[in-house]
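So, here come the structures, one by one.
You will see two complexes here that share chain A, one where it goes with chain B and one where it goes with chain C.
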Partner chain A sequence: MVGQQVEVKVLIGHPMETGYRLGDGGNERIPKNIIDKVTIRLNQEIILQAELGTGIAANPLFSVFVTVPSGAAMISVDWEDDQGVKGRAEKLLVST
Partner chain B sequence: MMKEPLLKRTFLKQMTVLIGAMLSPCLMAIETSSLSEKQLKALNLKQEGVVLDLPPLADTGNSIPFSIQIQAPRQQLIQSFEIIAPENPNPLVLKVTLPNPKSNYRMATRIRLAMSQNVWVIAQLSDGSKISGVIPSVVTLNACFDAT
Partner chain C sequence: MKRRLVIIGLILFLVSSIAHSQRLSGNAFLPPELMSLGKDEAANPLSLWNDQGHTIWEAKCQECHGKMSSLAIAVVQFPKWISNSTSQGRLLNLEDQIGVCLSRTSTQKWSTESNEVLALSTALSDAAKGQKIRIEGPTAAIEHQAWQEQMNLAAKIYVTRQGRLNLACTQCHDQKIGIQLRSDVISPAFVTGFPIYRQSWQTAGSIDRRLRACYSGVQALVPPSGSPELRALELFLKKRSEGMPWDGPSIRR
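== the complex of A and B ==
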């Protein structure tokens, strides 16, 4: 399994409000609130460093490919939205 | 009295040179994410090395699966790439930077399209050049502007 390419899927729960939607019976605009930055790491190496716009669908999903390293591997995801809310998740990549 | 027109002419010349020098770097760094479909086409970017997958008819403009595979030409590395939907209110959908540039890269995500359009992926290579790919999608349920 070492050296093999595996798919890593990351799903972040976030409404990704574009700021264009009308709420409240079509009167008020729902304010913009989107995730700005997402960083996916394999141990210390950055696999994906992205700046998101309103064009990324709600509950952003990213699928990236990593080469399985020998030894311990921690996949970590850090995200931050335009209100300053941050999130982080980690998962150990177990290889045989 | 004879010196005055000469000074004015030299001053104007110097200002023109100065303004010209200030403008040219701005023109060189083209902001691809603010360009329209027509302007993107006019850039005549190399359409190679970028393979895109997007459903030709999207079920909904709110969430469209989109996958990208970039293969840099030989001896080149991919430094960054952008997904651009020129008809969206904010055309820059995603900007990905690779701190460790790679010779090939693939990823997938879900995008929103405000209306039927071409979706562009423009990658910046290590030698400063760009490669690109385009793919169309028809959207019947428009995202971004619905009132629901």
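== the complex of A and C ==
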């Protein structure tokens, strides 16, 4: 398993509001609220860093291919949106 | 030219005869990429709602209801006729029922599209996968009559032209099954997998919202969420789907 490539999928629940849509009343704009920054790390080492814009759909899905290192492999994901809300998830890769 | 027409006619006949002999769920009409997305737990956005639903279940529901799977049979029997001493009764769907349950422990007003309601509905719907849809009316004669009237009302709506496009449900969902409508293939109106994650909504939605989208699709006056006619239509469509296996939460374009 070590040295092999595995696909890691990261699904983030977020509305990704563009700021261009109107609310149900048709008058007020729904305020912009998008994830700016996503960082995926493998054992503290950055393997993906992305700056997202309004063109990304809600609940964005990221997929990265990771070469399984020898020893423990901890995948961590950090994201932050333009309102300062942060999210973090960690998962240990387990080879079977 | 004539031969081509015959072939097209034959294909149409085959599609319609398949639809009649063996009832196909809407999921059978999805393009392959959406079909595989629905099966990929890691990529399917509905797993966000499903996970949240399980968290809420453990915090609020488990104590009384026990395992989620214990309600699997109940999930496929909605909408249900609920009556009390003061009223003759009305139809409640799964999201309404979840809202009623959540109201017991909170003062918040719940709608069918509240995030928590959809999360629980998604998780319950997932737990009910494979159950056969069963729709039964109330046993008391007067109530049964009122229930039947709702069914008749919906059957009438289903075949009545409406909106600026002047279309009835039946014209597409019975007479044009298998035909392309823009990028989608028209499926028969069987209700076998809700809530849905509709990519054009960029979120999950209940059957209430889906039916309202049908009204706006034919440019008719859209009834407000929770309208009796929406519940009646759900009852009618579920009755048509009776006996079909429940697909669980589904993906739509």
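Here is the rule we use: the second predicted complex is superposed on the first by the 95 of 96 C-alpha atoms of A that agree within 3 Å, B and C clash if a C-alpha of one lies under 4 Å from a C-alpha of the other, contacts with A are read in each partner's own complex, and residues count from 1 in each chain.
The rule is short, and it goes like this: contacts are C-beta pairs under 8 Å (C-beta built on N, C-alpha and C of every residue); 3 or more make two chains touch, one makes a residue touch a chain.
Being a predicted model, the structure only gives us computed values, none of them experimental.
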Are chain B and chain C a fit on chain A, or do they clash, once the structures share the same frame?
-> fit
Chain A residues touched by each partner, larger count belonging to chain B or chain C | B
Can A:57 be said to touch chain B (first), chain C (second), both, or neither?
-> both
Applying the touch criterion given at the start, work out whether A:13 contacts chain B, chain C, both or neither, answering first, second, both or neither.
-> second
Angular separation of chain B and chain C about chain A, which is computed from CA centres of the superposed model and rounded to the nearest 10 ° = 110
How far apart, in whole Å, are the nearest Cα atoms of chain B and chain C in the superposition?
-> 5
List the residues of chain A that touch chain B in one complex and chain C in the other.
-> 57-58, 61, 63
Counting only contacts in the complex, chain A reaches chain B at residues 18, 20-22, 26, 45-46, 48-58, 60-65
Listed in rising order, chain B residues that touch chain A in their complex are 62-64, 67, 83, 85, 88-100, 106-113, 144-148
Chain C residues within the chain A interface of the complex | 42-43, 45, 47-48, 52, 199, 202-203
So, in the complex, the side of chain A touching chain C is made of residues 9, 11, 13, 15-16, 57-59, 61, 63
